[in-house]
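Next up is a structure, given as structure tokens.
Just so it is clear, A, B, C, D and E label the chains in written order, and each chain counts residues from 1 on its own.
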Amino acid sequence: MIVHLSVLQVIIPLIAAPICLLLRKSELAWAFATLVAFMTLAVSVALLSQVMQSGPVSYELGGWEAPWGIEYRVDMLNAPLLVLISAISALALLASRTSIENEIPENRHTFFYIAWLLCMAGLLGITATGDAFNVFVFLEISSLATYTLIALGKDRRALWASFQYLVAGTIGATFILIGIGLMYVMTGTLNMADLAQRLPDVENTKTVFTAFAFLIVGVCMKLALFPLHLWLPNAYTFAPSIVTTFLAATATKVAVYVMIRFIFDVFGFEFSFTHFPLQEVLLTLGIAGIFVASVVAIYQDNLKRMLAYSSVAQVGYIMLGISFASQTGIMATLLHMLNHGLMKGALFLALAAVVYRMGIAQLSQMHGIASRMPLTMAAFLIGGLSLIGVPLTVGFISKWYLVSAALENGWWPVAAAILLGSLLSVVYIWRVIEVAYFKPVSESTPDVKEAPAALLIPMWILVLANLYFGIETSLTVGVSQMAAADLFGGLR
Amino acid sequence: MESFVHVVIILMLVTTAIAIVRVKDLFAVTMLAGIYGLLSASFFVLMDAHDVAFTEAAVGAGISTLLVLTTLSMTGRFEKASVKPQADYRPVLALVLVTVTGALLIYGTQDMPGFGTADAPVQTHVVPRYLNDSATEIGIPNVVASILASYRGYDTFGEVVVIFTAGIGVLAMVMSNATKMPVVQTALMSDHVVLRIVSKMLIPLIMLFALYVQFHGEYGPGGGFQAGVIFASAFILYAMLFGLTAARNVVNHTLVQLLSALGVLLYGSVGVVAMINGGNFLDYNFLSDDPVAGQMLGILLVELGVGITVASVMIIIFFTFTARSQKEGEAD
Amino acid sequence: MEFLGLFNYWVVIVLMMIGFYIVICSNNLIKKLIGLTIFQTSVFIMYISMGKITGGTAPVLADGITLYSNPLTHVLILTAIVVGIATTALGLAIVVRIHESYGTVEEDDIHAKDKQA
Amino acid sequence: MFTAVTIAVLVAMALALFRAYAGPTLYDRILAVNVFGTKTVLLIAIVGFLMGRPEFLDIAMVYALMNFITVIGILRFFEYSSPGKSANSETVKD
Amino acid sequence: MSIVATYLSWALLVIGGLLCISGSVGLLRFPDFFTRMHAASVTDTLATGMILAGLMLQAPTWIVLAKLIMILVFVLLTGPTAGHALAKAALHSGLKPLLPGKSGVLEADTKPSGGV
């Protein structure tokens, strides 16, 4: 079985989804889905350790060797991401049954779990595959499932948000399809490794330039880079809270991964940064994204929307890391991807608990809520500190590397911008802390109890992970370092 | 001559597309979109892509037109005529965006290998193996089917899952809350006697044709997806003429849902059996002692899985939509 | 032939852009989805024309024929067509629900109603 | 000779396309779509002969089938929705 | 193939092609729906039949012939049926054919009531 790990990872949830439909009863479906998610987690952890011990794993689907068949390829770059996706998915599923009680009508619960498994399988598939077209197929699986999950939100605006995302996402996917087609016409292959070998011969052509541009724009649509982020705040705000937790922690990260894979592995560092003004574009948009989104976040009353804008800002940081075009920069990016997954997971789970008890996530209704829901708000506090980048949390580690990468390039203003962006996040996190902890309980504050254990346990697991990986950094930093070295080792 | 047909079809495509932009009547738009589907399918025939033409005809001209029509019967037929002044910036913005994108693409075409050249990378790398060896490795003449089901069988697995996901999505969103069907509906097209009689004759023929397409896919254009759509269209025809309740009596809703899951499972389990027999996922060589026989068996089974899922999901989608539209019709 | 090639690709690009234009510009959600279909179909047309060989024939092996058009693009587009119809179906399902809860399928009306709320 | 027929069919398709665009009534459009579909069936059949591989006529079958179902579908939904809301009045197109 | 069959085939194809065009011209030029419908559906069926028959005479193999016959049967079944249903639906919806009025000029016998 050990040789099949990389494919088991994806096909376990993929095959489990139709089985869920056969189970019909929503409790059974939930239990089964959670079990499957934990199995997937186990597989991905095993896969990570396998990759760490013996290097990249390649798997030929259907037994056909690489350029002719489809290949799964797991290395240091995507193995940690696989763990992140399955871990967040497993924890969120654990909490989901309670969380969706009030948010989704009873008769849709089974479909919810099926869509969840499909979404997760899609994300895992995008991450694990080594074939450009296969990326598109699994991207669509995850996207279609995501549209469904978002549309299940209680508010009618969820439908509208889902539709907007569907249009934006499909345009993005079609752009990716165009990009893949143009690459294919110049090289005749779809396998990423094979593409990487054959692209340099034609890298001076206008066609490859266009292919790259379309791929990047398409992926940026999916990862909500600043001017293309318009679908994201609505989608995150109106989706069921637990779905937001899952998506915020994983979906954009997967898109970032695809981008890194194409920039560094398929097209190669040289092409991306010399034939194409990638550095300037990402730097500008990244910084603009950080500031615009952070400022907008400060003015939000709905906390889900506030964190959604914060996610857009965080994507800006991640893009900055890529734009440094250095090994430290890319390492900071990878680290921040994982860490941001952890902190957004914790924060949104805390909000899911708030929504579960209060029905809403409006800041104006939360005066003194910390005294009613101390554990939840403590989790939010720690997650918020991590988002800001306070020492002893994961946020600090990735910001640290980000800043040092900026300094390494001698880009003082960029380093200053990163710090300034963190200050902005202090502002919007502080608003919440102030209201929740220091405002007296007013009559508008609903009389609520602490969140149930089903929500608290996964939430605190994530919070502790935030702290643990903020102190004991050898695993995450080591993995990112190796992945970054791999990406730059492939340098011609 | 081929080039002439090529040019004419392409020009008609453009005309249709422009007409779609201009027409405000959404029924007309839908019909033009159907024509667009037919035209692009003809184009695919001209480009030797018979399998694709097959699918596009069934999907672009058939199923998607029907789906849009069902939706239109719920939402109304006309696009709002007047655009408010403040929305006026949108066409300009769109035009700029579209021009930039189009210009970039045209820039990109300049270095593309010429149309139809035999020594382009697309024709010389990867593909020759399929054309030269698939006869011995897989043993079926339709190369498209062997790539679809075997060489890139995993993509096709993904494709089945995509369809399944769409079915789940539609069910999760549109399925009526009430489990029982709306009360007796008037038999809608009862006055079309000729239509009903002819269709009664046709439906078995259509099903036979679907089976032919399903199992002939290895030798000519066709396969699970096309067969599934055709099979579903027989039920859709029945439902349109004799009412949804009657159709539901023939194919039970729960049963169709189970079937849609079973199709995916059939596909998946072929892969898992290959794994248990010591091969990789979806390696059909391990399904039988003789690799070629294994490939044949594997392709047969996965195509069947595709067919079952596609047919049942299409039926699910169509029936769910129709049930919703009738419920809404009553509510008025 | 060279003229036909460029003509073909350019017109296909025009088609794509018409579809794209409908998606961005149309106020009606159903028309947006139809635009999306046209956009995607045009991309399919581009793929399929990339795989054509002049004088080639359909990739169904037969005696006496040596020149076949590229079957791989056909496979890819088969998959993509399926993805396209799946997206359309899901989009229409959302539109149906939007119509039920907003009473309209026009984008600016929806915005107006959201602002009121 | 196939050439002549192909051209004839193409001309017929173009004319039908114009009718589908111009309307003016819904039924004109449906008729045009139907004619267009039948002509496409013919085109596919002839092109098969023209290109020397006439064995793939199955596609023409599908076209004919889908054409029929589409027309029925249009009629069905139009009849159903016509007493209802906005679908009843045809404004003559300008 | 015998000479006769070849010539017959060509003749069928040419007549079919001409019918095709004439039907479509009718579809384009005739004044109202019902006349257009008449032009289109009558010639449509005949033209399709003739062209397919012409092709049948040139069919290289039996399987091609069989498929052509299937298509012909299918078109002959569905074409008139669809046309019939369409005309009926149009008539029921209140669309009235143009008839010669008193002045001998074609006019609708009643104003299209609400029409379609």
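Couple of notes before you dig in:
We take it that contacts are C-beta pairs under 8 Å (C-beta built on N, C-alpha and C of every residue); 3 or more make two chains touch, one makes a residue touch a chain.
Bear in mind the structure is a predicted one, so any value in this text is a computation, not a measurement.
Chains that touch both chain C and chain D are the following: B. Listed by label, the chains touching chain A and chain E alike are B.
Ranked by distance of CA centroids from chain A, the top chain is E.
The count of contacting C-beta pairs peaks for the chain pair B-C.
Our note on geometry: chain A versus chain C, Cα centroid distance of 28 Å, whole angstroms.
Between chain B and chain C the centroid-to-centroid distance comes to 12 Å (mean Cα coordinates, whole Å). Annotation: 47 Å between the Cα-based centres of chain A and chain D. Shared interface positions of chain A, i.e. residues touching 2 or more other chains, are given as 133, 137, 140, 144, 147-148, 151, 178, 184-185, 190. Annotation for chain C: residues 16, 20, 50, 57-58, 60, 62, 72-73, 76, 79, 83, 86-87, 90, 94-95, 97 touch two or more other chains. Contacts with at least two other chains are made by residues 74, 78, 81, 85, 89, 92 of chain E. Contacting chain pairs (ordered by label): A-B, A-C, B-C, B-D, B-E, C-D, D-E. Per the touch definition, chain C reaches chain B in the complex via residues 1-2, 4-22, 24-28, 30-31, 33-35, 37-38, 41, 44-45, 48-62, 67-79, 81-90, 92-97, 99-100, 105-106, 108-109. Residue ranges of chain D in contact with chain E, taken from their complex: 1-2, 4-5, 7-9, 11-13, 15-16, 18-19, 25-28, 30-32, 34-35, 38-39, 41-42, 45-46, 49, 54-55, 57-58, 60-61, 64-65, 67-68, 71-72, 75, 78-79, 82, 88-90.
Those residues of chain A that touch chain B in the complex are listed here as 4, 7, 11, 14-15, 17-19, 21-22, 59-64, 67-70, 105, 107-108, 111-112, 114-115, 118, 121, 125, 133-134, 137-138, 140-141, 144-145, 147-148, 151-152, 178, 182, 184-190, 198, 202, 205-211, 213-214. Residues 191-192, 194-195, 198-199, 201-202, 205 of chain B are the ones that touch chain E when the two sit in their complex.
Those residues of chain B that touch chain A in the shared complex are 104-105, 107-113, 120-127, 129-130, 150-155, 157-159, 161-162, 164-166, 168-169, 171-173, 175, 177, 257-258, 260-262, 264-265, 268-269, 271-272, 275, 279-286.
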